[in-house]
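What follows is chain A paired twice: with chain B in the first complex and chain C in the second.
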Partner chain A sequence: MTQTDLLAGLAIEIVSIFALIIMLTDALVERSTRLCETLSIVGLLGGLAASAYAHLTMPGQTAFNGMIVVGGMSTLYDAIFCGAGIMTVLLAREYLTRVGGMFDEFYTLLMMSIAGMMLMGHSADSMPMFVGLEVMSICFYVMAGLMRNKLSSNEAALKYFLLGAFASGFLLYGIALVYGSVGSTAYSAIAAKALSTQFPTLFWVGIGMMIIGLGFKVAAFPFHQWAPDVYHGAPTVVTGFMSTAGKAAAFSGFVGFIAPTMASGVPGLEKAKVILALLAVGSMLVGNITALAQTNVKRMLAYSSVAHAGYLMIGLAAGNAAGWTGITYYLVAYLFMQIGAFAVVGILERENGGNLTVDDYRGLARRRPGLALVMSLFMFSLTGIPPFAGFFGKYYLFNAAIQADLTWLAIVGVVSSVISVWFYLGLVVIMYFREPLGEMEGGEASISSRTALALSIIGTLLIGLIPQAIINIAAR
Partner chain B sequence: MVSTFLPFILLLPLAGFVINGIFGKKLNSERLSGLIGASAVGIGFILSVAIFIELLGLSPDARSVGVNLADWITAGQFSVGFSYLVDPLSVVFLLVITGVGTLIHIYSMGYMHGDPGFSRFFAYLNLFIFMMLNLVLADNLLLTFLGWEGVGLCSFLLIGFWYDRKFAGVGILWTGDAAKKAFVVNRIGDLGMLIGMFILFSQFGTLNYGQLTQVLSSGAFFPGGSDLLTAAALCLFVGACGKSAQIPLGVWLPDAMAGPTPVSALIHAATMVTAGIFLVSRNATLFTLSPTAMTVVTCVAATTALVAATVGIVQNDIKKVLAYSTVSQLGFMFVALGVGAFTAAVFHVVTHAFFKALLFLGSGSVIHGMHEEQDMQKMGGLKKYMPQTYKTYLIGAIAIAGIFPLSGFFSKDEILYHAFNDSGPVLWVVGALAAFCTAFYMFRSVYLTFDGKERFDHHHVHPHESPASMTIPLWILAVLSVVGGFLGLPAIFGEHVHLLHSWLEPVFAPAYKFYSQHHASHTTELVLMVVSLCIGIAGILTARRVYIQKPGTADKVAARFPAIHKLLWHKWYMDEVYEVGVVKFIWMTSQSFLYRIFDKKIIDGMLHGIANATGAAGRGLRQLQTGVVTNYVTLFVLGILLIVGYLILG
Partner chain C sequence: MIEQYIPVIAMIVTGILFGVVSVKAHEILGPQRPNKSKETPYESGMEPVASAHERFSVKFYLVAMLFILFDIEIVFMYPWAASFRELGGFALWAMLLFVVTLFVGYIYIVKKKALKWD
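After this line comes the complex of A and B, so read on.
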């Protein structure tokens, strides 16, 4: 472990250290919520700064014996994770206090999970990727059950843990099989040695297992069924965080291990592409079609997040440079619009799951015009309507599919986007053109919630207007 | 200098439009609004003259300057810019548009005085000028098309300017209906033009005039041409027919008189309606390569010239007479194009712009003085009350009737001469007949309006002369109508006296490579001139006999030939044919089939079916979500088995 190694991993180290500091603060200081909140934001901003520093000074460099890599896409991943963390922190206190889940260990868990995600985003080897994934997942299990006197929250945590453990087993087994067939866990070495492996079947089954394990984490069909229950049962801020940063982390791991293999042209590659394409199709269609039938906004967003995993998998199936940058761009776009949407849901939500059904949103434009407007923006963006970020996200992914001669996949993507219009814009219609059913309780959004909302809107609009900025960073 | 001035010429009217359009109400000053509008065009005219003088100083082959202001569309190999071509042809149009445009802007300051939409009017006029300049200055078809659509829009806005006034016509109740009619009929022409552009682009991969002319004049298509070229030329001609009101798309122009009179003068007489002439002239090489297209142009144009002239004879609305006269004169211009006399067509555009603008503005002055009365049967003897208007209107009428040495004589005579030379006596006879009708109905309108008994109600109507802001433009136009003909003296006056011909020579040289013009002896030319002069005089004298010497003859003739009178009175039943054959037909098809069956049943049925099926699928898939972890694992494992099975066995 040299000084360069430490410098390259500085972002991860800062966030991890702050996680520990926050844990100590929580234990030693009385009424430490505000302090923990501040420390979290400072830690995350520090992480961002360290990541930017690494991006500028040592792009593409590896550290820790080729275990992690810095710069380029990993910088954007860091930005996604830390950005999601900051917005979640801004939203959390008000929401958790209201629904009775305000425990200070939330901040430790959040920081720890972000450290795990960053490790995944930076990993150049299966081992740190798996460690990062587990660090993140275990934190998520706990966070999902944060409202410990609420049944649905406990149920969410337990289901997530059971199924997550099952999936992690497959991922690890897949890594083992790949190691068995090529003798390495480093991504570049895997790709290079796969060409001459004596056990191609073993190798591809291993890759298949890894796809299954990560497919579970991104909530792809048919491994998605935990997602609606967990997203529904978990506290809304946690759901927003898991469905954006968690998904992004899983995709960062996915892209990391599969991109070199795709580029190497190993025989049998086509099969993997077929599997990824079918997973994409299943996720898009099942996610969107099931979302049609939902009457609960949180569940609707949960199912649609399955569909978004499907869109993102188009980029994996395309397996070209346009696909990788497309995924990265989409993850950034998705971060802003999805966290924003969940933020609005969280602001409106009341104790014991109140104000969560579609009917509760009737006539929202008249009662809370500001909230209705920003929710509409997020819905437009999630649908993929220009000039919002969601449009370019889909554009880049579909474009990647067409470049990879997977035009049919792009067509399925467009069709399922059309299906999603019904429930996304349906919500806008309900907010603007339906009479309210009853009185909605008041309650203003705090300054920090407003800040988070503002960040989401600015992000959704800004990267929609200048998409090339993100693409340029990703390509570095 | 050209590239320095051109942006100003283009952008000043646009600026005027923006200022009057957005801040017009805030300005709240007619004087200021009018001044902004008029000076935006007036400065443009001065700069245009400067450009003209600079081009004059260059050698004839160098009088073509391209100016690229900005990129517009770039897609792969295809690129179209906001790029403009200043050459002899576009400069002629530029001078006419800004020159006549300035006069009409000044006139409008008097005419529109007191109108609540004063600043809106000037905003529209300026927008029109901007679009018209884009049309004629563009160096490619697409930018011309932008202007083409733009002037169509302005025409629509200005015809319906007094949208709350009634206006009578076949199927028309309000001025808005007339505006709609103009717009819809023009769209048919626009479609033709678009298709023509598609054909040209697919064939040559460019829409740039210079490049098209270069490819076409390379000789690859001569002789024999090609069917596609004929199709392209005819499609462009359909567009020209729409804008320049040729049969069968000319029905909108008479109803366009619903707009304020300065609009009729500027847009529906002097400038916009000559866009079709411009389009054909710009693409002269294309047309000359297709003898079929040239024949079609000639036939359509000759028919239009004669039919419209006959209709003009029986109209009682002073502006309608002028409208039909315009249609007829545009027919003359297209006859010239059809026989390959491009210079003659442009010459007639110029002189026509002078005297037709003059006549329209004169009629506007009459209408203004008669408190919005347009029926000539309710006028008479106005020369006593409005001497200035009378004198200038009379000059305009003499000019359009083709009396030596006024401008109309030279331009019309040149067209008839080419018709005789290049097509034969039949075309000449048709043209001569139309010319006779022209002289007759113009002087009919002069006599009915200004001469004879005063038929208006003296208690309610007190005719008065118009203010100086209106009469000064009249006099300027009158002078131009008198001397305009000296731009193109015929060859019997000597070599190189046809100034316009030498000026436009480089533009039409490539076209003339394929279309040699016949030249007759000076004797023939002289005889034809004398005959056409006699025809003009005969028309005037007949009108004088019918309406001054023996008033009442008109009614007797009408009673003697009721069928013909009815036919002409109903404008050859063209509107009725459209109403029954096109409007009713489309309406019925849309209402009973397209809407009730195709849209409601088939389209909606399909969409609702798909939506219901998707919804049902959603409810079905929702059943999978049991909430029981074991079931989830079952699906999970099923997925694993399929994936691993496919990887091992597939």
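After this line comes the complex of A and C, so read on.
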């Protein structure tokens, strides 16, 4: 381990050290919520700064014996994870106080999960990827059950834990089989040696198991059954964080291990692409069609997040450079619009899951015009209407599919986007053109929540207007 | 390729046969004269007092979990201590980092009163 290694991994190190500091603060200082909040934001900003520094000074370098890679897409992943973390921290205190959640370990768990995600985003080897995934997942299991007194929260945590452990097993077994067939866990070596391996069947069974494991983590069809229950039962701020940063982390791992293999021209690649394309089609259609039938806004967003995993998998199935940048761009866009949408849901939510049904949003525009406007903006962006970020995300992904001769996949993508118009814009219609049912006591949004909302709005608009900036960072 | 696995297959088959044959042979060959005390789980043991399906205090699980944590610390410590000289300075710093991290966790559990029994 040299100084260069330490500098390359500085972003991960800063976030991990802050996670430990926050844990100590929580234990040693009385009523430390505000202090922990500040420390989290400082730590995440520090992580961002370190990541930007590494991006500028050592782009494309590897460190720790080729275990992690610096710069390029990994910088954007860091920005996604830290950005999601900052917005979640800003939203958390107000929400958790209101719905009676537990604070004690929230900030520590959040920081630790971000450290795990960053390790995934930086990994150039299956081992750090798996370690990062586990660090992230274990924190998520606990965060899903943060509301200890609520049955649905407990159910979410237990369900997520049992199924998640199962998926991790698949992933690890896949890694082991791939290692068995090519004799290496490093992504570049896997791709290089796959051409000459004596055990091609073993190799593809391993890759298939890795796809199952990661497919579970991104909530892609047919491994998505856990998502609605977990997203519904978990505290809304945690759901927002899990469904954006968690998904982004799993996709960063996915792209990391599959991109070199896709570029290597191993025989059997075409079949793998077809399987990924089928997973994408299933996720998009099942997610969007099931979301049509939901009466609970949180469940609706959960199913639609399955569909978004499907759009992202188009990029994987395309398997070309346009696909990888498309995925990264979409993840950034998705971060802002999805966290923003969940922020609005969280601000309106009452104790015991009140104000969560679609009917509760009737006439929202009259009582909370600001919130209704913001929510509509996120809904438009999630649908994929220009000039918002969601449109360009889909544009890049569908474009990648067409470049890879998968035009039919792009068409399915467009069709399922059209299906999603029904429930996204349906919510907008309900907010603006329906009479309210009864009274709705309003929860005031605090300054920090407003800041988080403002960040999401700026993000959704800005990266929609200057999409090229994101692409340039990813390509570096 | 397959020939190499014959011992393994033989082992598996023997294992299954041994289990099935010994249980079934006892059933077929031995005389069966059941009575009430023979049917109890522990024929010559203590009288059962109550059902074992009770709810245990969460403290037991907490202690068990913390035990695993520090058990793992020892698992790492032993090989490191055994080959300390060969591994050199880098391993010392890595171990210090590991121990410090666990120590932070220790302070945390003490302060959160996880080790207090009542």
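Operating definition for what follows: the second predicted complex is superposed on the first by the 475 of 476 C-alpha atoms of A that agree within 3 Å, B and C clash if a C-alpha of one lies under 4 Å from a C-alpha of the other, contacts with A are read in each partner's own complex, and residues count from 1 in each chain.
In this section, a contact is a pair of C-beta atoms (placed from the backbone, for glycine too) under 8 Å apart; a residue touches a chain by one contact, two chains touch by 3 or more.
Note that the coordinates shown come from a computational prediction; the quantities given were computed from them, not determined experimentally.
Trainee: Contacts for A:V42 in the overlay, against chain B (first) and chain C (second): which applies, first, second, both or neither?
Mentor: neither
Trainee: Give one of first, second, both or neither to describe whether A:W226 is in contact with chain B, with chain C, with both, or with none.
Mentor: first
Trainee: What is the contact status of A:I458 with respect to chain B (first) and chain C (second): first, second, both, or neither?
Mentor: In the superposition, A:I458 contacts neither chain B nor chain C.
Trainee: Of the two partner chains, chain B (first) and chain C (second), which one does A:A165 touch, if any: first, second, both, or neither?
Mentor: neither
Trainee: First (chain B), second (chain C), both or neither: which does A:T201 touch?
Mentor: Touch partner of A:T201: chain B, not chain C.
Trainee: A:L28 in the overlay: touching chain B, chain C, both, or neither? Say first, second, both or neither.
Mentor: After superposing on A, A:L28 lies in contact with chain C but is clear of chain B.
Trainee: Which of the two partners, first being chain B and second being chain C, lies in contact with A:L20: first, second, both, or neither?
Mentor: It touches chain C, and chain B stays clear.
Trainee: Could you tell me if A:V429 is touching chain B, chain C, both of them or neither one (first, second, both, neither)?
Mentor: In the superposition, A:V429 contacts neither chain B nor chain C.
Trainee: Which positions of chain A sit in both the chain B and the chain C interface?
Mentor: On chain A, no residue contacts both chain B in one structure and chain C in the other.
Trainee: Considering the complex alone, what residue numbers of chain C touch chain A?
Mentor: Touch list, chain C to chain A: 90, 94, 101, 104-105, 107-108, 111-112.
Trainee: Write out the stretch or stretches of chain B touching chain A in their complex.
Mentor: Within the complex, chain B contacts chain A at residues 611, 614-615, 617-619, 621-622, 624-625, 627, 629, 631-633, 635-636, 638-640, 643-644, 646-648, 650.
Trainee: Would you tell me which residues of chain A are touching chain C in their complex?
Mentor: Residues of chain A touching chain C: 1, 20, 23-24, 26-28, 104.
Trainee: Which bits of chain A are touching chain B when the two form their complex?
Mentor: For chain A paired with chain B, touching residues are 159, 162-163, 166-167, 170, 201, 204-205, 207-209, 211-212, 216, 221-223, 225-226, 228-229, 271, 274-275, 286, 289-294, 419, 422.
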